[in-house]
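Note that the chains are named A, B, C, D and E in the order they appear, and that numbering of residues resets to 1 at the start of each chain.
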């Protein structure tokens, strides 16, 4: 601080940022750019030929997906329903279990540090595991079917939800909670009356956000046989029925849009 | 009766919030505490219901030293000491009635309160309190639909349902405009007189303090620098509390606080 | 883009190669670098996850850089060959059929396993189930890996349809069997039978060896009820617009591996191959027919 | 006992009551439908896990160290793909985010168009995007970069637009009041407010992309995905354990570094 | 000189923000506008730099009717009319210097300002302005690291770098405590006197208004109900502006505003 002010006094016109900040930001920027160029170099190292025909090639393939064969829609409604059901079960369970976990991993609620760090770490680890790996492991454990799919989605959602919601909890207005405490409420009462109303809208919209992610994740689950629409999509791709596959994608798109719409309506109703 | 005996409070970061405070507040008094920002007014008030814990001396409420209280007794203490905050501290998204009922949490079982199963008397009491501060028609509005003054009245109603022996108010009118401020202060005064509830209020404005208080306590840097009835306040008191006569100093860079 | 017919008829026309050193009158491309794509067949008891040893050797033999890339989904390989991003593909029979149909990809070689250029699918039942012939399977529960698996589904289904006179796969699944279990893989199908969740599994021959380590009694508990027709092994295929002479060189290079002790060992260790043999499109006719049979009525 | 007056009951319109009842009924119906539709044979599941537990779990926890070199290289490639891809997405998403933000365009139509574009992009499964880019640039990691870049743009654009919609417009007004033009307002009032959130989301997305790019290997677009599928198909749980460990370590390190960078910049 | 001639403003939702306002403000005056919440003070002030547009009458600034101005002229008008807000409206995450330089945006080319290439004079001017409000030592601190009073001083500095002919301040001290409020008001007054900049300030507090103003304009429900020098303000004026003498009404439910 004093250094800076001295700079200012000496040169009559100070620069817009202190030199140290400038240097730090520049270094971070250069490192990121450098790493980017390295990544680009590395990933293109195996690339043969240029971009000459890239777009043409892509459009040829995209063309094969069109027009979507919408006549198969009735036949894929059932696996789509299964996917939605899997996502509902997984999201619901995750939403319920998230509540205690998120409270335990929110710094302003859990003042007992070891518990806070333990839950945080556990949640962080859960979050790092790709859904594909989870699906593979659960299929290994339970065999193919909806159960491993649901479990994979459940664990996966739990990690995301607990993080998002604990962050919301950490950002609530603590004043009403203090007021509750000042009027003699115990911990549960304080949480229930002071905290819950504040996080409810965010909670709902995060749960719906995760629901949407789960619908789309089921495509990945299908790759390893964990049930749902993904399985059918894979099969149709496998038999080169691209127009059928496109019909499935369209259906997923519609479902996602509908969820987003419901989600917006619910959020508006709750806020 | 509230007795501060040699009370001192040092915050974990080393700031001395209270220094050597000796004050006795009798039942039914309306005491206003004034002082600059950072003088320790909030610390003083929050010590009384142990939202902060003094580190030295003893603090007696109804002749019991509350400094040794642990969670169960603490809840009982807080049930009898109501508190009003500068920013109302209502749950914005809950309705007025629910906010007011929160004042009865200390008297209600956990399960009962979570299931919203309030006793009829409690709901009646809440409604009556709302009527006393003249806002019963907003009972089902959400708290954030109300203006500042209305919110503060709801928070007074919340304290009333608590049926406290003491009311603490930490700058209850700092966020309000003057007419509304007067209104809120008047309600506080009215309750103080009607129910004979000891009331301790923090205020920035010494003029408003003098209008409502029975007794004024001036604080500065954690110490009580003035304590006496309104009639004893004069220009010198003012300088004592604010450390200087205000006007002349303003243009000298306002070194200390701002 | 590469449309199907123009490539094969007048390949000289759409020569887009930058290389000009090769001045002979042969048709097609001679790229500077060849890309080899590898989709290992799931119908095999060990699955290799690298193509590097082959690519490196091939590069040495040809004097052209050869890059290799493994994938597990043959759609990507088929499309990449169609776009000429990949010139040499190691594709399982079924994938080859698609590639050939869509982009005129041409098979030049095939792998030899256990001394044969073909393999077959087997029907597995529990030894104590009392099932003794395919006819006994009526009313039982059938476990298969996945519908696009040649040995796991297509060949056995086709065989049963012919034998018991069902017109389509859905009819077979619902009419002949009392239920089906889609298990996701050959090992899972076998385990489904092993665990009693299904009565018969269709897998490659012989999936049990892969499970023996984890389930020591699998050989005893499961019996092979029968086999399907022969299915051609994995192919080595090239895109149509590759220079003929280069294709010949590639063929020769691969064939020469058969005489190379070291290479045979690598092929055996890594890919479970005994050798490489010439192959022609006709050999895959049987798979093509099966594909046609299923393509349109594959149940959604 | 003291007498008390109860407050009047809240006036709820019939419409509102019906709506509330309707919502409850629909929710109940959805859950009934779900639980009827999902049929899980619990006895079998328990049986399965009892059988498989010892085969899978202990092996997961005794990683196959011999594959360390391969796994490290693949995970490095995954990180590079994710990094390049999410950086591209972070930039691509900016114009779309602005387009989809109501308070920037001031036009409902433009905003809706922007939001639809973003939704459409998000509906495309990563795996199909990856196939398309393999076709475009060949089966290599760069195809993965492009797939990640496009795939992430949808989600990032949506998050960005929400950030932009939540900025303090008062500051914009203050700039207006001192005579700044639109572009100056953008640079002086809007960008300083959104940069930290944009960075946070971009970094968060990078983390998500590491997980997403692990499936790209399936189509030959590089990364650790191929190894995951091979390990699964070969029932090689020891190798899976190593892969898992590698992913956890890498993501944790990145989490740590990014948290520090974020703190520096915010 | 600013002239309101029969100015009226109806908001799109039908609220009448201003009714029939006729006011002339001469160069160099320090005018304070007082009134209840919702009286139309902000609307009055914001009309002058066209943040809102009156729907009736004409408004002359330096003898030009600004109501017909379109974007180019508007920017020029705003460049010469500086504005200070209740909540400072600083870019919290930018540093003090950058915030102050934002005051020069209207005088700086777009490209130059985007690339942060300010003229040396501009930076010098910004620094000098910071010195005038005694806060130059915080030049590289982020705005959100400052206290409220300091932030308001930065926003005064921002207006100063703009070298305006007029300063509008919309409740500049509503979020500050009394000593800090006095400080900020004193700086405004000082600038008004030193640079002869016409200054128009909105205030809630009539007492503070009387301390600093040359002239007071009282508003109520969109109308000007008092306009005159400080010396003419008396108890009756107060009642005119606030609609009633405050005290007596407080307990009657405070029907209209709070």
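The rule is simple: a contact is a pair of C-beta atoms (placed from the backbone, for glycine too) under 8 Å apart; a residue touches a chain by one contact, two chains touch by 3 or more.
Please read these numbers as outputs of a predicted model, since none were measured by experiment.
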Revision key, fill the gap. Counting contacting C-beta pairs, the top-scoring chain pair is A-D
Practice item. Let me have the rounded angstrom distance from the C-alpha centre of chain A over to the C-alpha centre of chain B, please. Key: 44
Practice item. For chain B and chain C, let me know how many angstrom lie between their CA-based centres, rounded off. Key: 81
**Study point:** Whole-Å gap between the CA centroids of chain B and chain E
**Key:** 34
Revision key, fill the gap. Two or more other chains are touched by the chain C residues 35, 69, 73, 75, 79, 82-83, 85, 185, 195, 197
Review point. Mind pulling the chain E residues that touch 2 or more other chains?
Key: 98
**Study point:** Of all residues in chain A, the ones touching two or more other chains
**Key:** 46, 48-49, 57, 60-61, 139, 143, 224, 237
Review point. Of all possible chain pairs, which ones touch?
Key: A-B, A-C, A-D, A-E, B-D, B-E, C-D, D-E
Study note, to complete from the structure: Note: in the complex, chain C contacts chain D through residues 35, 37, 42, 46-47, 49, 69-73, 75-77, 79-80, 82-83, 85-86, 185, 187, 195, 197, 210, 214
Review point. Quick one: in the complex, what on chain E touches chain A?
Key: 95, 97-98, 101, 116, 118, 120, 123-124, 127, 136-137, 139-140
Check your understanding: So in the complex, which bits of chain C are touching chain A?
Key -> 1-2, 16, 31-33, 35, 67, 69, 73-75, 78-79, 82-85, 98, 101-102, 146-148, 181-185, 188, 191-192, 195, 197, 291, 294-295, 298-300
Study note, to complete from the structure: Per the touch rule, the chain D residues reaching chain E in their complex are 168, 170-171, 173-181, 183-184, 187-189, 192-193, 195-196, 266
Check your understanding: Which residues of chain A touch chain B in their complex?
Key -> 173, 175-176, 178-186, 188-190, 192-194, 197-198, 200-201, 271
